[in-house]
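Two complexes follow with chain A in common, the first pairing it with chain B and the second with chain C.
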Partner chain A sequence: MEVTKVYVVNSALVKIDRHFSKGYKELANEVISEVISKSGIESVDLVVVSNMFSDCILDQLDISTILMQNLGMTKVRALRVETGESSGLAALETAWMAIESGAAENVLVIGVEKVTEYPTYKINKMYGKVLDYEVEFIRNITPPDYAALVMKAYLKKFGLKREDLISWPVKMHDNASRNAYAQLSFRISPEKVFTSMVISDPIHLLDTFPLGDGAAALLLTSSKAVRNTATEPVIVAHVDSAVSTQFHLREDLTRLPATAALASRLKEKFGNKVLTEAAIELHDSYSIYAYIILEELGLAERGKAREIVDKLEFVNVSGGLKARGHPFGATGVYQIAELYKLMTEGFAGKKFDGEYAIAHSMSGPDYNARVALLQKLV
Partner chain B sequence: MFRVLCVPRPESLTGIVGWGAYIPRQRVKADEIASLWGFEKTLPKALWIEEKAVASVDEDTVTMGWYAAKVAIERGNVDPELVGAVFVGTESKPYAVKPSATIIADALGISKKKLSTDMEFACRAGGEGIRLAIALVASGTIKYGLAIGSDTAQASPGDVLELTASSGAAAYLVGPASESVAQFEGVVTYVTDTPDFWRREGSKYPSHGEIFTGEPAYFHHIMTAVKMLFDELSLKPSDFDYAVFHQPNGKFPLQVGKKLGFPKEKILPGIVTPWIGNTYNGSALIGLARVLEQAKPGDRILVATFGSGAGSDAFSIIVKDGIEERAGRGPKVEDLLKRKKYVSYAQYAKSRRLYIRNIG
Partner chain C sequence: MKYSIPKFWRRKEGYYQVVLTKCKECGKVAFFAYVRCPYCGSSNIELVKSSGRGVIEEYTVSYNRVEGGEEYLPKIIAVVKLSEGVRVVGELVDADPAEVKEGMAVEAVLRRFSSDDPHGLIYYGIKFVPAIRR
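== the complex of A and B ==
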C-alpha cells in the first residue's frame, strides 16, 4: 500500500498578547472555528492539542478533553502532547505520524497557551521545569542562565565582544513590525538592546522573548482527503526530532547537539539545498541560540552567523520568538501556521516562492529539538 | 439637553473651602532601595521615582490625617462645630476595628453631631469621600464636610512596590460654593470589579498583578472616568489648565495624560510622587493641593483619582477669586516637599517596623 502524503490545508492564529479578557478556551475556539470554517473539510478524526503549562498554571489536566467538551466535539479522538518549549512541533509530529500511518485522515492541531494569569516570577518558575527538576531546577538553574553560559562560551571561543551580537533582536523587531499577529510589533535600536535590563549576564531583556498568550491551529489531511479541500495545500514532507545531551555533559557549549543531528539527517535525506534555500522559522528563545542555530543548519560558518543576519530575507519573517512572541506550547504551531501562509497567501508583508520551508523548535538549551519540512505542491 | 441647561449640576452648589496636606519629614532614596534588593539600576528612573517619604514611629494615618485636616479647617477659617461629616479614606488604618475618623474629628473639636467613618477603596477612598461630602453639602444635609486621604502604605520588602509605597495625607473641606475658592463643576465615578492589587485579611503586605495594574486597571479606569466627565460637561483637554492624576509613580500620570490629550506642562504642576513616593489616598489629593497653591482665578482643573479593585473619580474644578489669599493661610505642599531629612534603608526599615523584635 502506498504511503499517503500529509498536507497542511489551512492555518489560523490570533495575535499574541496579554489577553487579560480571554481564557484559553476562547483563544483556542477562535482559531479552531477559523481553521475549519474556511477549509472545506467537514469533520476531523483526531485532535492533537499542544500545551506546555495547563497543569501547573491553569490547574487543568487533560486539556484536550476539556477543550473538545467545550466545543461539543464529543465523539472525536483527542490528546495533548507536551515536550516543553517544542510542544507545538511535537503536536505536528504526532498528527503527521497518524496520517502517514493511515490511522487518521483529517487531523486538527491546536497550540494554545495562557500564561498571563499569574505574576512573572511564577511563570519563570514553571518555565524552569523544562530542565531536570531533580538535578538542575532544585539548584536554581533556569533556561536564561544556560543561555548566558552559552553566550559567554561563544564570545570567548570566537573572540567576540558582547556588542557584536546585537543584530538579531533588532532584525526580529523589524520583521515583527510587519506581522499583525506579533506581540512586540515595534522596532528597536541596537543601543536599546544593550541598555535594556540584564536578565542573566550577558543576556539582556531584549535578547529574549516576552510573555504572552496565544493560540494557533492547523488542519492536516491525507492524500485522499486533500481532494476535498477548498484551500491551497502544502506538503508536510518530513517531521523529525531528537533528544540532546544534558548541559553539564556537553564538551562544547557553543554547539546544539539535537539541532545538529536533525540538520544532518535532513541534509542526508533531502540534500543541502533544502537547508540553504528554505524559508525558516527558528527557535530564538535567546538571541545567542539564533546565531548558533544558523550555524548548525549550515547557513553560516561557525562563529560567523552574525555576518549574515542582515542578509536573511526569509528567516523568522514573523519576528521569531524574540518579537512575534513565544506562547510556549503554541509556538511550534505558530511557526507552521506562519510558514503555511508565507508559502500560500503571503505573510507579514512577504510571499515565499521557493520550494521548501523549515520550522525549527527546541526546549531549553536544545534539550530536545524538532524540525518540520514543508514543501510546496508543484 | 434642555434639562442640563436649566438645572445646575448639584456639584456646582459646592466647592473647596479649605485644604491641607502632610508629608513626613523622612526620605529614603529609591536608588538605595533598588541597590539593596538588586533591582536593575535603571528601574527608579524608568518609573520616575527619586525618593519617598517615610512615616516615623510617631506618625500614622491618624496623625497625618489630623494635621492635613487641621490646616484645611484653618484655611477655611471655619468653626469646627459646623463640620457635619468626617470621612477618612485609607488602606492603612491604625486599628482594624475602631474608626480613625472619630479620633481625628474629636482631636479637631468637630461637632459630635456628625457623620464619621473610615472608607477603604485602595487609593481612591479619599476621592469618594470628597464626592460624598459634595453630595451631603449640595443636598443641604450638612454645611461643611471634611474628606481626608491618609496612608502609611505597606510594601513587602524587596517587592518593586517598595520603591514607591510611602506615607502622606491630604484633607479637603467641602462647603457651599459661595464660600469656596474652587468650585466643583462636575464629578463622575467609574467602578468595576478588577482585581489588580489586593491585600487579604491577615496579610501583612499587598499583592499585585504586575502589568495588569496598568492597562486594564489604572489606564482603563482613569481614561473612562475622564471621558465620561468630558461627555457630561461637553469639555475637552484644551478647556483645562491643569490635569492631576493618581500617581503610583512619576511615569503613569504623564502617560495617561498624554493618552487623554494633555500636554506635559498641564500635568507636571500636580506631580509629587517622584519626590515623596505614592502616598496612596494622599497621592492625587496632594497633587491637587499643589496645583491649588499655584492656580489663578478662572483656571479649570481636572482631577482623576484611581483605586485598585478598581475605580476612578474624575472632578472638574473651577478656581475662584481669593485662591491666593487662602493658599497663604497655611503651609504649602511646596514647603512640605522641601522639609526633608534623608534616612538610610535601615532607619526606614526601623521606622516602618519591618524588623521583627521582642518588646518587653
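== the complex of A and C ==
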C-alpha cells in the first residue's frame, strides 16, 4: 500500500485572553466552525482533542466525547491526547499517524484550554504536576524553579551576566504586537523585564508566559482527500517526539536532551538546511529555554544564542509562549495554525516564502519534546 | 481530606531518608528509589542509603506561589551534590537566602513537605539545612 502524505488544509484560532464569559465548548466551537466552513471538507472521520487540564480545572474527564456530544458531532471517532505542555503537538502526531497509516482520511485536531477558571496560585499547583509528582512536586519543586536553576547554570558555564539574556522577551513582545491573536500584544523595554516581580530568581515575571484561555483547530487530510479542498494545503512532512531524563539525573543542566535528540534525527532525515532555513515556532515557556533551544536546533553555537536573537526574522513570529501566550494543551495547535497561515495567507504582518517550517514543543524542562515539520507544496 | 494515605505511605522510606538507586548493570547511581535504573532501564538494582551530606552546586530563591505552599515562601531550591557524587534537587531550609552560597555544605533533615489543611494528613520528608548548624 502506498503511504499517503498528510496535509494541513486549514487552521483557525481565537485570540488568547481571559475569556471569562466563554467556556471550553464555546471556544472550541468557534475554531471548529471556522476551520471546517472554509475548507471544502464536509465530514471528518477522526477528532483529536488536545487538552492538558480538563480533569483538574474543568472537572471533566473524556472531554473529547463530551465536546462532540455538545456540538452534535456524534458517531465520529474522538479521543483526547495529553502529554503535558506538548499535548498540542502530540494531538498533531496522533492525527498524522492516523492518516499516514491509512486509518483516517480527514482529521480534525482541536487544542483547547481554559485556565482562567481559577486564580493563578491554584493553576500553579496544577501546572507543577507536569513534573514527577512522587519525586519532585511532592517535595515542593516547581517548573520555574528548574528554569531558574538552568539559567544560573547557563550564565555560569558561559561566563554571562543576567542582562546578557534580556533580548528574548523584548523581541517576543515586539513580535506579538503584530499578532492579533496574541494575549500580550504590547511592547516592553529591557528595564521592564528586570523590574517585573521575581518568580524564581533570576527568572522574572516577564521571562515567563501569561495565563490565558485559548482554542485552535487544524484540518488534516490524506493525499486522496486533499483534492477536495478549497484552501491551500501544506504538507506535514514529519512529526517526532522523545522523552528525556529527569532534571537531577542530567550531567549538564544547560542541555535539553529530548530536543537535542529530535534535532539530530531531523538533521539526519532531512539535512541541516531544514533547521537553519525554516520558519520556527519554539517552546519558550521561560526565556532561558529559548536560548538553549536555538542552540540545540543548531541555529547558534553553544552559549552564543543571544548573539543571533535580534537577527531572527521567522522565529516565533507569533510572539511565542512569552507573549502570544501558552494555553497549555492548545499551544502546539496554535504553533501549527500560525505556521500554516505564515506559509499561505500570511500571519502577524509577515509571509514566509521558504520551503519548511518547524514547530517545537516540550513539557516542563524538556521532559518530553515534540517537533513537526511542515513543507510547502511546490 | 484531600491527601492520600497509601500514595505516601508506600514511598515513605524514600521520603524519610535519602535513598539512592544503584544499578548493577550500568554502574550509575541515581537519587530516589526508582523501580528500575532510570539511566539504562535495568531491573538489576539495589537501593542504598545516602549519608545525606553534600554541597550546594546551584540554588534559586523562589517566590512562585503554589496553593498550600504559601507559608514556606520564599523557598530555596538547591541542586545538592551528595558525598556519594550523586545529584539531588531539594529544599534548603533554616538558611537566610542572603547567606546561601555555592559550595556550602548541607545535610538532610526531616521536615514537613505540606499538610492537608485544616485537620488532615501531614506529608513529611527530607529537606536540607546548612551543615554548619550542627
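We adopt the following convention: the second predicted complex is superposed on the first by the 378 of 378 C-alpha atoms of A that agree within 3 Å, B and C clash if a C-alpha of one lies under 4 Å from a C-alpha of the other, contacts with A are read in each partner's own complex, and residues count from 1 in each chain.
The rule is short, and it goes like this: a residue touches a chain if its C-beta (ideal position, glycine included) is under 8 Å from a C-beta of that chain, and two chains touch if they have at least 3 such contacts.
This one's a predicted model, so the numbers in the text were calculated from it and none came from an experiment.
Asker: When the two structures are superposed on chain A, do chain B and chain C clash or fit side by side?
Answerer: Chain B and chain C fit side by side in the superposed model.
Asker: Answer with first, second, both or neither: which of chain B and chain C does A:Phe20 touch in the superposed model?
Answerer: After superposition on chain A, A:Phe20 lies in contact with chain B alone.
Asker: Using the touch definition from the top, say if A:His248 reaches chain B (first), chain C (second), both or neither.
Answerer: A:His248: touches chain C, not chain B.
Asker: Could you work out the angle between chain B and chain C as seen from chain A, using CA centres and rounding to the nearest 10 degrees?
Answerer: 80
Asker: Please work out whether A:Thr120 is in contact with chain B alone, chain C alone, both, or neither, and reply first, second, both or neither.
Answerer: both
Asker: So which one touches more of the residues on chain A, chain B or chain C?
Answerer: C
Asker: For A:Val198, using the defined touch cut-off, is the partner it touches chain B, chain C, both, or neither? Pick first, second, both or neither.
Answerer: A:Val198: touches chain B and chain C.
Asker: Does the superposition put A:Thr142 against chain B (first), chain C (second), both, or neither?
Answerer: Only chain C is touched by A:Thr142; chain B is not.
Asker: In the overlaid three-chain picture, which partner chain does A:Gly128 touch, first (chain B) or second (chain C), both, or neither?
Answerer: second
Asker: For the superposed arrangement, tell me the lowest C-alpha distance between chain B and chain C in Å.
Answerer: 6
Asker: Where on chain A do chain B and chain C both make contact?
Answerer: 120, 197-198.
Asker: Any idea which chain B residues touch chain A in the complex?
Answerer: Residues 40, 42-43, 209-212, 215-216.
Asker: Using the touch definition from the top, list the residues of chain C that touch chain A in their complex.
Answerer: So the residues of chain C touching chain A come out as 7-8, 11, 15, 30-32, 38-39, 58-70, 72, 75, 77, 79, 87-91, 113-114, 123, 125-126.
Asker: Quick one: which bits of chain A touch chain C in the complex? Just the residue numbers, please.
Answerer: 120-122, 124-125, 128, 134-136, 138-142, 144-146, 148-149, 152-153, 156, 197-203, 245-249, 253
Asker: Provide the residue numbers of chain A that touch chain B in the complex, in ascending order.
Answerer: Residues of chain A touching chain B: 18, 20-21, 116, 119-120, 195, 197-198.
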